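Each of the next two complexes has chain A plus one other chain: chain B in the first, chain C in the second.
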Partner chain A sequence: MQIVVDLNRCQGYAQCVFLAPQVFELHGEEALLYVPTVPDGREEHVRQAVAACPVQAITAGEQAGGDSGAR
Partner chain B sequence: MPADASSADTLFRRITDYANRADPYPLYAELREHKVARQEDGKYLVGTYDEIAALLHDPRVSSDLRNRAEPDPSIMPPEGPPPSFIGRDDPEHDRLRRLAMRPFGPPHSPGRIDALRGDIARISGQLADGLRGKSSFDLVDDFAFPLPVTVICDLLGVPSEDIPQVHTWADTVVSGLDFPPDEDPGARRHAAYEARSAMGQYLGELAEKRRHSPTDDMLSALANEDGPEGALTQQELMVTTVLLLIAGHETTVNLITNGMLTLLRNPEALERLRAEPELIPSAVEELLRYEPPVQFLPQRTPLADIEVAGVTIPKGVPLILVLAAGSRDPLRFPDPDRFDPARRDNQHFGFGSGIHNCFGAPLARLETQIALTTLINLLDGPRLLKDPPEYRNSPVLRGPRHLLLGQGKH
Partner chain C sequence: MPGEARGARRDGRIVIVGASLAGLRAAETLRDEGFEGELTLVGDEPQLPYDRPPLSKLVLLGKAGAEDCGLPARRPIDARWRLGVPASGVDAAGKSVVLADGERLPFDRLLIATGTRARPWPVPGEAALEGVFTLRTSADAGRLVAALDAGPRRVLVIGAGFTGSEVASACRERGLEVTVAERGRAPLIGALGGTVGDWATRLQRAHGVDLRCGVTVTALTSAGGRLTGAEFSDGSRIEADVAVVCLGAVRNTEWLADSGLAAGPRGVACDAGCRVFTMYGIVTDDVFVAGDVARFPHPLFEYQLIALEHWGNAVAQAEIAAHNMIAPGPLRRPHLAVPSFWSGQFGLNIKSVGVPTFSDQVVIAQGSPEERRLVAVYGYRGRITAAVTVNRAKWLEHYRRLIESAAPFPPGPGAADHLADLEPVPSDVPDPRVLTHGPTVALTGHLPDRRLTLVRHDG
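Showing the complex of A and B:
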């Protein structure tokens, strides 16, 4: 599973960091860092993070940018 | 001035009328037609998505009741400690919220909520096991209430033997938010104020103990904070932990209960979730849009005259943002009155938006996702025994008081 985050949309609500801290990380108070290729076994956490983003900035799929999104 | 019972300036009275608790949505549709509705008593209601979103991000809108032109003693006692961060504006809101966040989430404690998954699943499983073989039960008392309460008390560090007392206080505080018709609100508000003080006192003393012998809970972390911004003062710690405990208590209960109610009213959605459990996270977001536990924000005040949809809302008046109406705005959500667990582009107001966006949102999400998964898997052909159920009084924190379910063979 791969993810892309639209960092122009991201407003630093950090909901993804709470739900998948192995994949998303806050650098300082609001800059978001993430691992584009999701570690095995963390797919469910990422689906939760995708759904929880208040500005819908995260896309996840088998191939980044592909249409097999988690949503 | 006698008002026509169906005119827009009585909407708030009708929304808060207990007779409309089971289905306020037609009233919200009526509100959206007006976008902004001035009420008979000078309150302003806003119910459309774009207008609410703009106001939630507008620095001219205050959350601090001390900015009301006419103090409303019914929602704010004339004396007592300053409000918690939910009722403050920046920069104080930001400082208090940041300090409260240090032991709860990123950037300082990114794994705290994630680490609760196992505990939440275990407690959910135990509660659901207790329902096995029962042909009927109350989902609220037997499941939806004990789960979040146990979790928030554990997280903060409230010993289990004190939970009943804490619950009594929390109930009294929340009923202070009720708007029962034909009742002088004085006594109810006073009781709420007393309960809030007693709870603050209790949490303050508990934090004091943890200051000397810390454990791994949030109270210990808050009491022993030594970050660059210093710690919360003892009074700030008291009002902040009271807020977290009450908010962690009363809202998730309604989200879980509204969730099962909605799924049982929409059996095809329930079947779909059984077959596709990976849809649970998006189903919870849809619940937050479709049946949100917080229906409106009653405590905002403009700091200047603000024009909204051609109406000037004057400085200092009560401004009420009806989030549940915005989340069903057809201009924002296609087919908004349909519950669609796979809905995309679901930027709902279930947790508000902007700087006051729900502090506990990640915990509420996780609890509800796990709770609904557990219930869907373990209940045996659940069905509603009473629809609509009996609702709690509050039009703000709206949810069933009891939800009687049956299961097994008819």
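Showing the complex of A and C:
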């Protein structure tokens, strides 16, 4: 599972940091850092973070084009 | 619903050249809106689409691998992918894209989303030295992070735009000594002007960056093919094992040189609906453009053509372009999004709405240059055109609305932490030609890229 956060939209509410701390962290007061490739076993936490984000800034899904045979 | 689907072009062949953020989001939007025809994505890099902003932040900090930044799919797109091969031309009359390996891809509609590449160090012999890097692709980031992992004694960053400043920040966070060289008066001055640039100067120095402004790098020195240091225009010199060339971006338009389209060094010119102009200024109806390579008119900035190297613009413009590729004329939409971007550096969250370089004055509405927080509001001829926040992102939405409604500048009371001294000062936007770093917003004006040459087609 891959994630991307629209950091224009992100307001630093940090719900994702509480729900999936292995994936999201705050760098300073409000700069969000995240691991784009979700570690195995953390997918459910990320799904909860996606749902909980007050500004709906997180997109999660399989690698784009990964099902196409392209590489 | 009457009218909605009438005239929609849901079949046929669409080719998207550029398989990064804009190309991918356009492909997804096409399928979302019901395109059922053949879809091909062409990309010069061998990788599936990945996200670039983490490369200069997370990846350099060692928190993610350079190859781990793949973009998630919003939906399946049922496309044919041609990766690792660049497009070399467009036959506009014959309606096909020519690839570097000779393959021809016929299209009914074409989307150009070829973006930009890193501007290389201008001396090829020095650019090829071991220890000299640029940062644009995941391969670039992988090479650079390996060099930083090796523990260089000093890193030289050439150019103090956003990329250069983020690289410097990552180096300091890793405990590496870093020198930043910038020909302009201050870091970030090309995007944010001198008033906020002076704040960035203090920020970098407070974090231990050896910041040298007003100088150029006159030579990269070497021994045995390896970088050893640099000489500056003020006569000084440093030793460095790594140099990161952050001179800004070059738009990938060379492949369109013979296409008859309005493509040049400043980008591919298009109308408000992302339809590309021919070199005569006549709008096409089958060639569209989106992302960093596009040069489009924006009503908030006096319809001046602007090119934005912004993540958010790539997404928003791709969605508009894709919609317009299949929607019938009356249902097409203009690309009117207010430009916005962010940068993370030195533990701070810098965000912007509007175009700060489209300004003559600025007021500091919150915080002060001495603090690690700031709200700067920019104005041009008495109206608000941009706002920049540092660790105050929640206030940006307020200013976005003021920009969209062309509210008067200086702003009235509200969203400021002090009522006195909202005194405008010059925003001090320099001529981009005097900078080392290329600004990430180019106000490219109304002028064509070059003198027009009249070409007559036979028949």
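Just so it is clear, the second predicted complex is superposed on the first by the 63 of 71 C-alpha atoms of A that agree within 3 Å, B and C clash if a C-alpha of one lies under 4 Å from a C-alpha of the other, contacts with A are read in each partner's own complex, and residues count from 1 in each chain.
The criterion applied here is as follows: a contact is a pair of C-beta atoms (placed from the backbone, for glycine too) under 8 Å apart; a residue touches a chain by one contact, two chains touch by 3 or more.
Just so you know, these numbers come straight off a predicted model, no measurement behind them.
Student: Mind working out whether A:14 is in touch with chain B, chain C, both or neither, as first, second, both or neither?
Tutor: First partner only, chain B.
Student: Does the superposition put A:29 against chain B (first), chain C (second), both, or neither?
Tutor: It touches chain B and chain C both.
Student: If you stack the two complexes on chain A, which partner ends up touching A:48: first (chain B), second (chain C), both, or neither?
Tutor: first
Student: In this superposition, which partner touches a larger number of chain A residues, chain B or chain C?
Tutor: It is C that touches the greater number of chain A residues.
Student: Quick check for you: in the superposed arrangement, does A:62 touch first (chain B), second (chain C), both or neither?
Tutor: It touches chain C, and chain B stays clear.
Student: I'd like to check the shared interface: which positions of chain A are touched by both chain B and chain C across the two complexes?
Tutor: Common interface on chain A, chain B vs chain C: 27-29, 70-71.
Student: Provide the residue numbers of chain A that touch chain C in the complex, in ascending order.
Tutor: 1-4, 6-8, 10-12, 27-37, 59-68, 70-71
Student: Looking at the complex, which residues from chain B come into contact with chain A?
Tutor: The contact residues of chain B facing chain A are 98, 105-107, 110-111, 113-114, 278, 281-282, 284-285, 342, 344-347, 351, 353, 357, 361-362, 365-366, 369.
Student: Would you mind writing out the residues of chain A in touch with chain B in their complex?
Tutor: Against chain B, chain A makes touches at 13-15, 17-21, 25-29, 44-45, 47-48, 50-52, 54-56, 70-71.
Student: Of all residues in chain C, which touch chain A in the complex?
Tutor: 19, 24, 41, 46, 48-51, 53-54, 57-58, 61, 63-65, 68-74, 76-77, 79-81, 83, 311-312, 315, 340-342, 344, 347-349, 351, 391, 393-394
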